[in-house]
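Worksheet for the structure shown next.
Chain IDs A, B, C, D and E follow the sequence of writing; residue 1 opens each chain.
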């Protein structure tokens, strides 16, 4: 349903992304892997229309090109991004953050229903509706961010390192929530992640970027066995574990 | 010193000598414009010495300028005039140092408004103190005419340029360029950014104060509303930004055309001067976002490109 | 090298941001002439640890000692003058200056302070050292990505640091550049510099580091030679997830 | 109001057209005028200064011009805005002198701006007949700038006038001797409060409340409450127009019960009566004119006809009078030689809309109005230092 | 007691002066130095309608508000939006906004001078005493205070209860994130700027009932508004209200109990002290 074709992003002299292509099917969880600076975040930002650099290439959502649209229109096409650093409204309360998620016309009709489902997804948010988000822990803020994104009634949810800085339990909770998003809402998930454990647990499909290019793609097991991937992660001299 | 530096220094000396001769070959009207230009050149250049590298926009010029006029106004009956200028400088520097210590950690617009508030605060306190002591508007009756004031300002301008040039060659100047580019890098390179900024903030403080002290005899009558007029602070900022703060001579190329522009507007649109001035302003901001320096540098780059 | 004196030690260094503990009671020592790798998955607190050492952030608890002197909580410029110099995760050059001036910044204000001709000559030497002498007069905007990294490294070297902190210095390089980069750092290692490097490129870690500290979720989970820690079950799990999942 | 708006637009259009038009006939007498059109004093300048420049030029040209040694020369005004900034005043006067090479320059507006311009007037020998400068340093200033003339009177004279008026009311048994005095903390207010204080005390008044307030204070009700609490018999405020209006309004609201209510600059503005209407009755203010005199009434009528606005009852007529002094001196001297004209001003007396103006050995006009009072919708002079036409002061009736 | 009431009433006036600027700076990120001129223009409109048609300022504001809204919207879209687009950083935008709005202020003063001359404009409206707790107060000030309460209250409720208000607050706290939830940031910024201008102009119309103004007085109000907005914390309505009331109370306390000559000095001292100890303002948040 989402197809990124030959997407390039350049910041001045530096090419962060060099003709990368990614395909994401309906109700799939696709993970983009890659070392720091591999251009993963630039890819998500370019899809969401908020990339500061020069963007070239196509972004097709169910066949329609959304590249170059204003960010609020892309949201209304059903693309939700939870950026690195979460991008929550720290000074506003949980319920206000969630209400803002349903700001666009796409989401308004189903606001009440979506709210119930978000509360079911993250019961913790229900207990803390009035808390100011800034005062919450990182894991809780991530719940707000994802909850807010789900309020926009998206077709595809993009997450940039959703479990960065979380401990094991929080990571497991988050992985479960992401699976729920796919299974119960039927929403496609495209995420950038470093935590291999989580990636292996939840993804249907993995795409590995290195130096701005795609170096591997496949199921988690395939990718994990890929020599090039192993080299990128643990170095060349490591014998297969 | 390199050959270019000797050349620049020589050029500057020639300009200075020519400028100093203005009273002999120009009409009094041009002398008056010369005083205006010299005054704003001094203020804008010293302003840019601090604000150029640090990107802090200070609207405190009027505060220091006003302090300086009061040093002259109060001291003229008690002390020799020539002693008042250094006193004004010291007072300006000390006040600037204190203000700097307290406020340079404020960022962006907070610093802007703070300096504006500071000028108003000083003005209010002086007004109140005057009222308490029953002193009225102060008269500064001297024999100093436009010519003497012009030469003094020119001398001060020379000092500011020399100082700016020396600072530019000094460790402090180098530190400030680094701070201007990236404060984080500056700190991690071992620069005490706070101290450097406070030291540099004292320069425009002292210079504006001395300028006020020099100008006081020209105004003859000193009262807070005129001495601390906030418009001065804004004019200085605008002239400096119009010229460009990246170079030592940047503000100067803003001051000269701006002075002639205001003069032209004042002359031909006496009833619409504010309106025309405002429109000119918008045009400048839109068409010259990097000031004249940017324009000149751009032209140079293009010229180089044409040759290459 | 095990007999060499300890240059830097962290004792219970902790940093909290609001509810999140990014660095949780980290202890380790760095010996003179040692190259130590600080590794771990993203978000594990490596960069924050580096920021604590360089003074970009003040620790919320614990202490950091440089040659017997506590530097925890000192401002960055004081730490820099004591001889700890760093590169930044996203390269930070001084855009208005030439390459030479960028490097001079390190020479003038760093651990050993030079000025005038001495500083220029020293900066030039550092540029030669990283292979950038030809570009001394260029503006930094004209440089390629790897060259900006070299210039930043030269600036850091110009301050004659006792401890060099490299924050993902190899990240974002293409394969050829990567080889050049690794060679450059190896040459520094061969000079006997004390280096802490935060890195994701495991090839580099293996070939450069004497020792590694592995972090996950703000804690130290392993310490030892690169081969040893990279075979450690917990480390593998942290990087690649549970094998037996 | 509508008419004025149109007038200003028309004036603007004319000014733009004039800038493009070729210079006027060679025989016109070029007269420079510098004053604030913008900045803090623009309001005062718009009431007192600029309309009189316009009126005077219209009057002179209606007569065919100024008779200079037998030729009638019309006047052409070259006007500049000084933005209430002494630096700009200096530049503008300099420009008039050397670029426009005007024959004469009208004195600028307000004390500070006059003094800033004085050295340049002096250097070029222009006679400087000030209209809105008040100073107690007349002797020193006229020694330094021999062609500078002072018309409006000094702080001492004005303070004396106020004290005399209060003393008169007290001696008639209309008020007691409790006085509340406030001043704007600006040169004008400070100077006058300083001058009035000892005189009030010498006259046996008790100052029961005294305070100052900064220029630009947006709420004067605490001051008026303080004054009310002190139960004075007379209230004296050395104020500027915006605070004159505000103090009067507060006095009405707080129902300040005094037999004498004095506010300074702005009281004599026609807008004061326009705003306060019947409540202005009996209010004392600085200045005044011989309001019932034919000269003033005729002047006021022309002022309204030509400029569309009424003159104020103090400095307007004074401003116009100084222009008349200049005009008559040029005619009297029969030349545009500035030294001769200045000497003529020193040596002669002039008949003007405020009566005879005769400068003393210090170039000072000793006879000026000090206090006026709103009586029946007209602001009439009640005290002066030797002007004719003063009316009796009346006790302030209760606010209505 | 009368000190408190007088102080609160003055504070209400200050809230009227500063509230619009808070919206403009907090949401649209434009530090509008022409704020005072908009205020004076509103005051002038009230004066003109009163003298020409005896139309009460309380009715005039319903004419002033939409006109000011449209004018400010046009100013934003035509003049300021290109600057917002062009600015590479927040600092760059701030410098450009300062210069541009300063120029706009000049243009506004010039236009007002051309239209209405430099004369003072003052008129008497509701200048009658009302008794509160046995003390008289000017009815016009009380009315302006009540209007300030209504306007601030309405604004507060609108920002906190309505969907559009929520979006405005979202832009004020995190403009980058606002895009991600489908908020059309450029469009809403323009609206916030326009709304701010409308509030300022209405404030001007209300304060003209008791203050004497002329075409050049705008800068005084700009200064005061800047001080209040910065003191209260950018982008927070509560901060502006609290700062305005605080300032009103302080000035009145100083005037009554210490010396009226020190009111403005005390106001600036308070401002300076607040910035020293809470650089982000009373309700502001430190930005990282």
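The rule is short, and it goes like this: a residue touches a chain if its C-beta (ideal position, glycine included) is under 8 Å from a C-beta of that chain, and two chains touch if they have at least 3 such contacts.
Keep in mind that this is a model prediction, so the values were computed, not measured.
Identification of common neighbours of chain A and chain B yields C, E.
Ranking A-C and A-E by contacting C-beta pairs places A-C first. With centres defined as mean CA coordinates, chain E is found 42 Å away from chain A.
Rounded to a whole number, the gap between the C-alpha centres of chain B and chain D is 36 angstrom. Centre-to-centre spacing of chain C and chain D amounts to 75 Å, using the average Cα coordinate of each chain. Counting only residues that touch two or more partner chains, chain B has 124, 127-128, 131, 271-274. Along chain C, no residue makes contact with two or more other chains. Contacts with at least two other chains are made by residues 12, 37-40, 84, 185, 212, 214 of chain D.
Taken together, the chains touch in the following pairs: A-C, A-E, B-C, B-D, B-E, D-E.
Note for the complex: chain E touches chain A at residues 163, 166-167, 169-170, 173-174, 176-185, 285. Of all residues in chain D, only 11-12, 15-16, 19, 37-40, 79-81, 83-88, 90-92, 94-95, 97-99, 111-112, 115-116, 118-120, 123-124, 136-137, 140-141, 144, 155, 183, 185-187, 189-191, 193-194, 212, 214-215 touch chain B in the complex they form.
In the complex of the two chains, the chain C residues touching chain A come out as 18-20, 22, 41-43, 45, 89, 141-145, 168, 171-175, 200-206, 217-218, 227, 230-231, 236-243, 245.
On the chain A side of its complex with chain C, the touching residues are 12-14, 16, 35-38, 134-138, 140, 161, 163-168, 194-201, 211, 224, 231, 233-238, 241. Residues of chain B touching chain D in their complex: 27-29, 32-33, 36, 39, 124, 127-128, 130-131, 134-137, 139, 141, 145-146, 215, 218-221, 223-226, 229, 231, 263, 266-274.
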